[in-house]
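Only one structure is covered here, and it is reproduced in the block below.
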Amino acid sequence: MRENRIRSLWARDEAVVNGWLAIPNSFSTETMAHAGWDSLTLDMQHGVIDYQSAVAMLTAISTTQTMPVVRVPWLDPGIIMKMLDAGAYAIICPMVNTRADAEKLVTAMRYPPQGSRSFGPIRASLYAGADYAKHANDSVVGFAMIETRQALDNLDEILSVEGLDAVYIGPADLSLALGCTPRFDQDEKPVVEAIDLILAKAREHGVAAGIHNGTPEYALKMIEKGFRFVTVSSDARLMASGAQQVVKTMRGALPKDAVKPGY
Amino acid sequence: MRENRIRSLWARDEAVVNGWLAIPNSFSTETMAHAGWDSLTLDMQHGVIDYQSAVAMLTAISTTQTMPVVRVPWLDPGIIMKMLDAGAYAIICPMVNTRADAEKLVTAMRYPPQGSRSFGPIRASLYAGADYAKHANDSVVGFAMIETRQALDNLDEILSVEGLDAVYIGPADLSLALGCTPRFDQDEKPVVEAIDLILAKAREHGVAAGIHNGTPEYALKMIEKGFRFVTVSSDARLMASGAQQVVKTMRGALPKDAVKPGY
Amino acid sequence: MRENRIRSLWARDEAVVNGWLAIPNSFSTETMAHAGWDSLTLDMQHGVIDYQSAVAMLTAISTTQTMPVVRVPWLDPGIIMKMLDAGAYAIICPMVNTRADAEKLVTAMRYPPQGSRSFGPIRASLYAGADYAKHANDSVVGFAMIETRQALDNLDEILSVEGLDAVYIGPADLSLALGCTPRFDQDEKPVVEAIDLILAKAREHGVAAGIHNGTPEYALKMIEKGFRFVTVSSDARLMASGAQQVVKTMRGALPKDAVKPGY
Amino acid sequence: MRENRIRSLWARDEAVVNGWLAIPNSFSTETMAHAGWDSLTLDMQHGVIDYQSAVAMLTAISTTQTMPVVRVPWLDPGIIMKMLDAGAYAIICPMVNTRADAEKLVTAMRYPPQGSRSFGPIRASLYAGADYAKHANDSVVGFAMIETRQALDNLDEILSVEGLDAVYIGPADLSLALGCTPRFDQDEKPVVEAIDLILAKAREHGVAAGIHNGTPEYALKMIEKGFRFVTVSSDARLMASGAQQVVKTMRGALPKDAVKPGY
Amino acid sequence: MRENRIRSLWARDEAVVNGWLAIPNSFSTETMAHAGWDSLTLDMQHGVIDYQSAVAMLTAISTTQTMPVVRVPWLDPGIIMKMLDAGAYAIICPMVNTRADAEKLVTAMRYPPQGSRSFGPIRASLYAGADYAKHANDSVVGFAMIETRQALDNLDEILSVEGLDAVYIGPADLSLALGCTPRFDQDEKPVVEAIDLILAKAREHGVAAGIHNGTPEYALKMIEKGFRFVTVSSDARLMASGAQQVVKTMRGALPKDAVKPGY
Amino acid sequence: MRENRIRSLWARDEAVVNGWLAIPNSFSTETMAHAGWDSLTLDMQHGVIDYQSAVAMLTAISTTQTMPVVRVPWLDPGIIMKMLDAGAYAIICPMVNTRADAEKLVTAMRYPPQGSRSFGPIRASLYAGADYAKHANDSVVGFAMIETRQALDNLDEILSVEGLDAVYIGPADLSLALGCTPRFDQDEKPVVEAIDLILAKAREHGVAAGIHNGTPEYALKMIEKGFRFVTVSSDARLMASGAQQVVKTMRGALPKDAVKPGY
């Protein structure tokens, strides 16, 4: 089976540099896949991506060595299994708030006897190789997103679920949950403390921790702190920023109604 | 009929700041359309765009005040008419090398008696208004691309075709034609001289001149020279550059096999 | 943030004239959006519409002042949030049968602290403006569909859920639930009484009431009764009716196997 | 091979009642195909239809007994052959202005020795049956559109091309060509005279004549005159008309910016 | 209403020969639909199929007499109802493990008073006829998949749910559940015994039994045993096998990395 | 630049084993790409493939070492250049009948000064590497199809065009041209003689020869004869054959209306 480089990097205690995809297109994805990221995450929750575009995007990523990750729209076994069958090597699952949620995630990702994933790795076997079924349980990675007060309250219970590989922090939702402004690269105290708590607990439980960042500078700090999966910006926001910089240089200023995608 | 701001800006001797689209997707297009460009050009020649994706992209542009422009793949009346029917307010046509080519372009863009455009502005009438048919001949803009030796030789003949509104320079093809390296923001002498010649002749004939640029700095110089339609970079290249800058900051260097789309 | 005209009309006690979309295409949608409706509803439950076509259709609607509404396929937070992120200004949710159902709907539509909507208004911020996140909770509208006996039994409980803006009646399902023929523009007594009851209770609770109609004549009566959101026919049925009228005029009669889409 | 009902109706001197498709979608097409038309024409010239959507639409038509016709965007052998391979039973070709144009059309539609159609009826053989190749030359129908002054001047030459089955009149283009207003159901004298001339000459040459109409009333008159293939309105215009009638009834009047698709 | 041939064959105690579709394309589906299967199943669970491609595929199947079946991705009323509305004549539902699961399936498939299916057979009425609503409850067929230990334990309870028409065995999942190798055409004893048990119990309860097979030989044996719905291979696997046989003949051997889709 | 294995195999006088694609889908393509072919050809002439699906398919092929080839629909510089930009490593061009045709093909495929290909290798540079532009002229392969009497008459002139790499025989069209039955694996004398003539002349001119075959047995004979590029069957026909074999085994016979795609 094709190696899951996310696990290999973690085995060497290195951080995964992850790109983020919101544009549902294979060419933009292939462009991103050639930029040097360790992994690329298709955002099926807030990105403009559905199943069929996701398959096209996973195919585009498969033309490179970049690892394919999918954030599913919701903790739903149907879509988790479908994305694994399509060749995702990691799943990021939003709104994992309880031990039961975490167990549901782990169970959906593993074949029996460890879980209840249904058998049919239709594209995964093309991407990974004919022995996919044998090794999938040990290879694919599941991230539980910690982004609500409830999840913070249940942190130890969630982190102690057997088979849970990693947690992922969405700072915008976590900020809202704590009464702060929804944004990346937070410095508001309640959010920073929650981030530190999640990281510390995760490391205690031997669970990898990931976080979404707006800038490489903040992401580098997160790696230093101990995060081992850091996302920076997204396809759409990098494009919008680049375009707005050009327009600003051409005109001296941006028009008032210039706006970027809200994620 | 909805005003063609390209003509309005030209009437005030102002330059159109044009963005470029190669990604066949409505969301990336809508993102670009909110960045403040005067116009956006769908590149159906070298971009990954066909008719159906072009319609989706024109629809996305129509959610803003940005003007919709289309570079057609070839001097073919069928596709020129189809894109005008779909609501394009300007057409950029590659490889216009002779007076006959220029006439063919102009003819395809105008209803009789000025030309032989076939009647059926199916989406154009939604975008422009019910009186589209009455005003289209005076509103839509046609650009002839000057990018071969043959075109340089026939410059006066091409520019004197009645109804030709504008010329557009693709520096990469022009460079190849003159034995230079295919790239934007040229400083090789034969190309610079050809660019200056085209600009001078165009102004002589009262024809607007446009040019493709890699950076805003070069584009600003071109406006100073007299160009009135300047393109800077593209959706895919802005995204790729942004992504590579992030990866480089994260890692200290780009991997050797990092590459950007070739346009 | 762009104004939600549904709320503005309601503030003036005026009725929203709503069109209905079942055809998954941006051009047919743009055609409908130019016909003068106050709002257009994408029917993701019984229409032939999925997420990706819905985004294309929302983009088409955004070229006009018509308000975008989405009927989701099911009471599922994942799809409700995805459609709001894509720019829907109102959600119609089928089969809201209990107080818990209504609470689930409201919660999915509001950011914390009022609800648990996850943050990432990717296209909504392009459509609505950069301040979308600040105003979304007060702007977007949620309709609970009342269409089962259980829902009728729980009417007061459902209507008293804080944050529930409106109810919507699907006469076909309501008819089936009451042992009557599934159709619009009902005059069978049990259905008429249920409709009147829902309307009366809704007004009592300060909740707006909407209803699906087959003809403008019936819809006008519903407005007179007090409904403030009336749908008439749909894109597919208007087209089918028009086509069948033409064929009938041409031939004197329709062929026996002529049939319209079943919604 | 499945019978071409267009030829069968003509053999009985009956007129074909033809519907028109501009919306690139299989469900709207299937809806139209169940309305009782003899044939449906996919308009790839002015409609929003490209090859891939055309295949989906031809498939939808194939669920019924309605005959599939395609108007190609231009007199181009590549697309004519591709649409025949996809199962079109008739081709309407725009802008046939000379004898050479008509010969080019006929040649592209027939296998050797009658023409030079390339062999590969990929979907046609599924639709028509395994013996398609044997009978195609005698079954598929080619329409030359007569819509310019040049075509009127060359009428006899065009009509005498062996193997040309039919002509088709686009009244909008014909009107423009004759200095009149581009519209259907013309009563301006130069256009009416040209229509009568084309019809008379066609019958003289044993060639069937077709015409595009705005209303069934006008189409019935055309049948009486001798036309044997009459189109009435289109999917998009029937839908738009229906929608505007509803809105008008609901409001007393249409908003000023209401507009229909321009074909 | 168009006859459901699955029920007609069962009424004569004949077995349905079912093909399987994993490729999300209408042309490959139409090709399969012309091969002589009694029915074709769109696999939305492990196949690369989503809602929009499923509609295109159902349309392709509707060009023939082959019966359209859909395996939904999960026991979710939203998607079950959407696929019935789209014209599916049978639903195969994965992971039906309890009596409650089976009841949920049956309820989602029947209009009141037998169930709670929501009314809106948008494409079903085109495919089946205008009287679809009247006969649908008696015509459409629901298969519960028995593929876990829990389901085996609850077999009698599941099979005694009123309105459950059939069960379907996925041997790969059943094998995994019983600690065996996930594959078709099983001869491992625990799986064979479970298969026999399910068949025996199903017949006892008057419920039809179906099974997925790798080869026609095994499928014929299953029919002899008493199965009345047998699937053999799939579009993708038939294509892959054919391709690999060709390559092997051409080269003497397959390259080491040749692989087939994992379902 | 990524090596063009077609040229490498030819340099070692080995034959390229080529697969053929008519289904416009990335998953079926990826399945084919894992079957061990040296190259896969997207048939845009008779296959159900347009530009956008072709890009998805080229992306799928790029996940493997299989070489991407495109048969364009027609000798049209626009589409030839677009497919090269999309990453095709070889172009098969139908209906090359004269020296001028062959020159047009070669010119469209080479950058100046050898030809007039326009610069913009948008996806080709991702697939091939950043140095694509430098090496493309020497790497990409052009096949002229010899399939008419006219082409046979002009054989020497065609074959002596500088830069023409290869010829390709479509036996069906060649058969029709010579008054024989259109099919693969021909044994009718006029066709066999023409095939032998083309091969002999090609070798004389140092031009590689390719041919389309129905079975591996015939293809092996062709290699023995001297052909160095042999196609066997296609995705759709392999699937259809496999399906019909299964049905035949299950039933004893195929139904009378069973049919395969006509290419």
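So that you can tell them apart, the chains are marked A, B, C, D, E and F in the order they are listed, and the count of residues begins at 1 in each.
Going forward, a contact is a pair of C-beta atoms (placed from the backbone, for glycine too) under 8 Å apart; a residue touches a chain by one contact, two chains touch by 3 or more.
The shown structure was predicted, so the numbers you read here are calculated from the model rather than taken from an experiment.
Of all residue numbers used at the contact between chain C and chain E, under half are used by both chains, marking a mostly different-residue interface. The chain pair with more C-beta contacts between its two chains, of E-F and A-F, is E-F.
Ranking every chain by how far its Cα centroid lies from the centroid of chain A, the top place goes to D. Put simply, the chain farthest from chain E by mean CA position is B. Averaging C-alpha coordinates per chain places the centre of chain B 34 Å away from that of chain F. With each centre defined as the average position of its C-alpha atoms, the distance from chain C to chain D rounds to 38 Å.
Within chain A, contacts with two or more other chains are made by residues 22, 24, 27, 31, 34, 48, 50, 52, 55, 76, 122-123, 126, 236, 257, 259-261.
Chain-to-chain contact here is organised irregularly, matching neither a line nor a ring nor a star, and falling short of all pairs touching. Chain pairs that touch one another: A-B, A-C, A-E, A-F, B-C, B-D, B-F, C-D, C-E, D-E, D-F, E-F. Contact residues on chain B toward chain D in their complex (touch as defined above): 50-52, 55, 76-79, 81-82, 85-86, 111-113, 116, 118-126, 129-130, 132-133.
Residues 17, 19, 22-25, 27-28, 31-32, 34-37, 48, 216-217, 219-220, 230, 232-233, 235-236, 238-251, 254-255, 257-261 of chain E are the ones that touch chain F when the two sit in their complex. Listing the residues of chain F that touch chain A in their complex gives 26-27, 30-31, 34, 55-56, 59-60, 62-63, 122-123, 126-127.
Across the complex, chain E meets chain A through its residues 22, 24, 43, 45-48, 50, 52-53, 73-74, 76, 94-95, 147-148, 170, 172-173, 176-177, 179, 182, 236, 257, 259-263.
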